[in-house]
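Structures given as structure tokens follow.
Each of the two complexes below includes chain A, the first together with chain B, the second together with chain C.
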Partner chain A sequence: MVDIPNADELIQIDRTPGKESWMDVPPDLSEGRFCYPAKPKTLEYLGLPNARVWSPSDEDWQLPPDWQKIVHEGFKERLDKYRSLKVFMDICVRCGACADKCHYYIGSGDPKNMPVLRAELLRSIYRNDFTMAGKILGRIAGARKLTPQVIKEWFSYFYQCTECRRCSVYCPYGIDTAEITMMARELLNLLGLNINWIKDPVANCSRTGNHLGIQPQNMVEIIDFFCDDIEEITGVRPNPTFNRKGAEVLFITPSGDAFADPGTYTYMGYLMLFEAIGLDYTISTYASEGGNFGLFTSSDMMKKINAKMYHEAERLGVKWILGGECGHMWRVINQYMDTMNGPTGPKMEIPKSPITGTVFKNAASTKMVHIAEFTADLIRNGKLNLKPGRNDHLKVTYHDSCNPARAMGMLDEPRYVLQNVCNNFYEMPENTIREQTFCCGSGSGLNTEEIMELRMRGGLPRANAVKHVHDKYGVNMLSCVCAIDRAVLPPLMDYWVPGVSVTGLHELVGNALVLDGEHERETNLRFEPLENAEGADE
Partner chain B sequence: MAEVEFKGKKFVVDEDGFLEDFNTYTEEWVEFCMKEEGIDTLTEEHWNVINILQDYYKKNGIAPMVRVLSKLTGFKLKHIYELFPSGPGKGACKMAGLPKPTGCV
Partner chain C sequence: MNQHLLYSLAAVLVLGLIGYAGGSGMPYLFGVIIPYAAMVLFFAGFAMRMLGWVKSPVPFRIPTTCGQQQSFSWIQHSKYDNPSNKRDVLVRMLLEIFLFRSLFRNTKNEIREGKVVYNLEIWLWLFGLIFHYSFLVVLVRHLRFFLEPIPALLKVVEMLDGILQIGLPGILLSGFLLLGAALFLFARRILIPQVRYISLTADYFPVLLIASIAGTGILMRYVAKVDIFTVKQMTMSLATFSPVVPEGIGGLFYAHFFLVCVLFAYFPFSKLMHSGGIFLSPTRNMANNSRAVRHINPWNPKLKFVTYADYEDEFREKMIEAGLPVEKKE
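What follows is the complex of A and B.
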């Protein structure tokens, strides 16, 4: 692993374009500039092609002998299957509205990280293979032949896109550039070009039902452990059930919340909330993952991983699913699930909060409600006893996690919850939040360590906005609703804005929430002493 | 993937320097990792963490969650970092021959 420059060096970004045509500039595939490839045993397990030992820094990538034909036919198949892809290939006028909206472009200055040019990497092959002008005029019409260097360029730049879709917000045609990246990654997968940080979770999920490979006994052990901690802190022990048939609600969240700090504190917050309202729910040790790294692989893999949640809902006979603070899961659920999975099982019902009676009509087809909506509704109906003063030592801002914001339009509910569970909440500048939110810089399976410099570059715009409220208001806590965020924002903050910690929304809820019969709290969920905060609201 | 040799033993490691296969672990592996990890002398506490990690992995096919490791060893997380400067994942799990966890972590 290579060392990364310090922040003062990294901020010196060179934006001078080179003199050569972009088509002639080879990608930089030196150590530190690429994600490690998937291991042969992982690809074999998943039944994916061309399993072998290779490195992106190799000259010869050991492509299958008929690789050009595979790409051409794969491209053709997708153009026939997805009308959107054909429209996105044809319609771009290269106006450049997206050019400076990408966090990777802002942080790297590399023109191929302009979304328009990243899409051209694929579009140039489309023109060559599938348009008359491209076939006849070639380079003059923006077309080029498929060479091994093109494949290397795709691998480099389509794994420098986090599918966050900020650029799409500004596109006058509404081109979904994340879908262009998804298609490019599908084509690369046909050649056995994929990354370990995505394929390993996909394999684990296929085997155990979650990305981390947590076995049922460990899932129970971990949640028991959280219950021990909650009991120690509050005197009240939550009583979750596992794989229980006949429960009203199935709760599913990313496995990262069960495994890695600070997500674990968010998980404790969920358990406390369910205990406080007496929710009739169960946790599955099989459908034990909200995340879906299949989304970063292919539509088939995404469909398979998504389906397990609904199989389990049907098997257990629950009425609906309550989903935790996950990011990309909500893109799959809100934008693909309906046409991909078809109708949900006949036993499922349109979600209705058993506590408030609110019917979540927005989830009528998916039968899955986001926990921020669920909690906001509880607060609005006066069902929670909250002491926001317990969070008074925090000055909180909110990072709109890309997919809940842009793929499901969930913008106000988390803010409503925050304003009720803490007294010091400050917004970052308006062009960096809500629909215009900046990515954490490590989404879509790029949260791996070997590309730490790229991650710090990609996260620069987000960090810069945090720095603004840190300097202006003394913000010391960055809240979010995504498990990748909770994993990657702490190193991003340490690098660019030291002194800012990271939390999930429901950790703050858990800290503010008063449980029936609890004793006076001396610490928060992280076992940090509460300084006179207990009496703050009395 | 690369092969490293130490005291006559050969180990196949991945790009992160983790053992490719847990079954190839021997005590020489721990000695090999020590230097890189900045550990001068292995104490009983180091071995305690390594043994617990390996037992857990053999039973469950996965490393324990960090806070569970802390509970099993009786060491506070801070102390685990003192023992293994790169931390429980990159330091202790690596020395114990376990694979690196992936996903939203």
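What follows is the complex of A and C.
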């Protein structure tokens, strides 16, 4: 692991581009600047090509012999399959509005992290291979030949994009770099160029049903353990069921929440909520992953991993699916799932809250509801007994996760929940929230340790906005609805804004929620003593 | 000076001179053949590009949502930034096309004393808007050369364009605004280091071309004063497909005319096709309703995935031991 500079040094960022053409600048592939590649074993399991031992710092990447042909044909195939790619290759006017919208550009000053230039990395090859001007005029037309260095550059910069879509908000033509990065990563995958932090979860998810490789008996144990904790804290023990046929609702959430703090507290919040309202639900050990690292690999991989949700819902005979807090999971569910793996089986119905009777018409076809929507509806209808005063020691702000914000538009539901479960809520500056929200800096499979400096750089704008409300209002808790956020924001906060912790929305719900028959709480879900908590708001 | 800028300046200069000289040397070529060829290239090329894009399907519903989704009646839905039906998509598209809605959100930021600071950046939006609208007015005004009698609406446009009522002939705002906005866009391309770094010949060339077209037009109207009646005689003959090339139209006109032809011919093969492409951008022209209405992917592949049965086969013993229900006991 490479040491990273301290925060005061890291923020000295020079945005002046170099003198020479960007086409002549080689990518920096020294240790600490790249994600480790996938292991041969993993690629073989997934049936992906060119499995071998290699490192991005090697001179020779052991590309397949006909690699140029593979890229050319792969590119052509995708141009024919995706209008988005074709249009986005052609219509950019390089106005530069996107340039400083990327968190990696703000944090690194590297011109190839400007979304426009990231796309040009691909466009230059597109022009060379598929346009007449590019073929004839070459560099004058902004075209260049596909060389091993171009492939290295792609690997470097398309794994410095978190597919957060912030740039696409400002683009006058809606050019979406996420779409371009997804295509580039598919092309790289054809050559066997992929990263372990994405491929391992994908392989795990295929085999065990979840990214972390939690086997069925362990999943039961983990959740049992959460129930022990809840019982100790509240005196009430939730009784979740697993793989139970005939349940009304199947609950699916990212496995990260079962695995590590502070996501575990969010999971406890879910269990407490379901207990409080007496929801007829079950958890599957097979479809035990809400997230989908296939999204960061290829559309085929995304589809295969996502297919388990409907497959399991059908087998169990549930009426609808309730989804937990996760960012990219909701991009897949909102924009891909029904198209890829729908329509749903005949037993599924338009989601209807059994507690409030609310019909979720906006999920009529996918039959999958976000838990923030579900809980907001419960609160609105007065179905939850809440003591927000229990969260009074917290000054909370809210981080909109990229995908729920820009690939769904779920902005006010979580805010409504927050305002009902805590009394001190402060928004970050408007340029940094809602559709303009900044990525955590570690999304799209880049939440790996070996690129910690890059992650701290990418997270700078987010952290800086948190710092603003930390300094101004004393904010000490950053809430979010994303499992990757819960894993990566704590180190980001420790680095840039010490003194701010991270929580999921439903951890705050769990703390405020009064369960029938519970005893007086002495601690919150983190086993931290509640000072004046009980009834503080009354 | 970078090569992209150099090539573009040289190209526009040479093209202008070719037009200037061509008018006196080969008036029929420059007055008839090239203009017709340019128009054919423009229309055929434009249609070909649009068809080329439309040929590729839209497999997924991928709008960029820029506001609150439609969910509950008690949560204010941001209808036009996150449309959920075709009507609201249409409004979103109209806002994009006529008001550059997304670009209006633009800000700029810098890091000052350890803080990321966001500042207003209205200029690109404003000059972009001026550029496009003044170009439109100039185009509409030029219809006077191809129509007889001149429609009343066109006269209204001309009247508004000359509303300042300064000078003789009266100043028409659009030409100057077009030139000014084009020069602004050019200047920001060379003055902002990041924008200069990303700029290609394909960026400098069209803006310089349009600026020279505006410049030569202004020269003709206010300074060199071409014989407008002869010009109209010629343009009307082109419009009625009975071309004649009158004597005595100056080289300046031919320079202007040739640059316009180059613009039309170049248009479909350039980034100027953003004018057609914007209609087809899937992040803007689709409703965010894919949870409510299933979107169909025409090439949706059938793929083998790890089914529950596969999973149970692998973990059956452990599942039984953990007390989990199984489909098959053995």
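Here, the second predicted complex is superposed on the first by the 537 of 538 C-alpha atoms of A that agree within 3 Å, B and C clash if a C-alpha of one lies under 4 Å from a C-alpha of the other, contacts with A are read in each partner's own complex, and residues count from 1 in each chain.
As a convention for this text, a residue touches a chain if its C-beta (ideal position, glycine included) is under 8 Å from a C-beta of that chain, and two chains touch if they have at least 3 such contacts.
Because the structure is predicted, anything quoted here is derived from the model rather than measured.
Asker: Using the touch definition from the top, say if A:V2 reaches chain B (first), chain C (second), both or neither.
Answerer: The answer is neither, since A:V2 touches no partner chain.
Asker: Which of the two partners, first being chain B and second being chain C, lies in contact with A:I136: first, second, both, or neither?
Answerer: After superposing on A, A:I136 lies clear of both chain B and chain C.
Asker: For A:F259, select first, second, both or neither according to whether it touches chain B, chain C, the two together, or no partner.
Answerer: Touch status of A:F259: first partner only.
Asker: Using the touch definition from the top, say if A:I484 reaches chain B (first), chain C (second), both or neither.
Answerer: The answer is first: A:I484 touches chain B but not chain C.
Asker: Looking at the overlay, what does A:N464 touch: chain B (first), chain C (second), both, or neither?
Answerer: Touch partner of A:N464: chain C, not chain B.
Asker: Now for A:S84: first (chain B), second (chain C), both, or neither, which partner does it touch?
Answerer: Second partner only, chain C.
Asker: Between chain B (first) and chain C (second), which does A:W197 come into contact with in this model arrangement: first, second, both, or neither?
Answerer: first
Asker: Any idea whether chain B or chain C touches more of chain A?
Answerer: Chain A has more residues touched by C than by the other partner.
Asker: Based on the superposed arrangement, let me know which partner A:E450 touches: chain B (first), chain C (second), both, or neither?
Answerer: The first partner, chain B, only.
Asker: Mind working out whether A:Q217 is in touch with chain B, chain C, both or neither, as first, second, both or neither?
Answerer: A:Q217: touches chain B and chain C.
Asker: I'd like to check the shared interface: which positions of chain A are touched by both chain B and chain C across the two complexes?
Answerer: 215, 217, 221
Asker: So in the complex, the part of chain B that touches chain A is made up of which residues?
Answerer: Spelled out, the residues of chain B in touch with chain A are 1, 14-16, 60-62, 64-68, 71, 101-105.
Asker: For chain A, which residues are in contact with chain C within the complex?
Answerer: It comes out as residues 8, 11, 13, 15-17, 22, 79-88, 90-97, 99-100, 106, 111, 114, 116-117, 120, 132-133, 140-142, 165, 168-176, 179, 206-209, 215-217, 220-221, 242-245, 285-286, 299-300, 303-305, 307-308, 311-312, 315, 333-336, 338-340, 342-343, 358, 360-366, 368, 373, 376-377, 380, 405-413, 416, 429, 431, 434-436, 460-461, 464-465, 467-468.
Asker: What residues of chain A sit close enough to touch chain B in their complex?
Answerer: The contact residues of chain A facing chain B are 1, 36, 39, 53, 55, 196-197, 200-201, 204, 210-215, 217-218, 221-222, 225, 254-256, 258-261, 263-264, 291, 293, 447-450, 483-484, 486-487.
Asker: Where on chain C does chain A make contact in their complex?
Answerer: Touching chain A: residues 3-4, 7, 49, 52-62, 64-72, 74-76, 78, 81-82, 84, 96, 100, 102-103, 105-109, 111, 114-116, 118, 124, 128, 192-203, 269, 271, 273-274, 277-278, 280-284, 288-297, 299-301, 303-308, 311-312, 314-315, 318-319, 321-325 of chain C.
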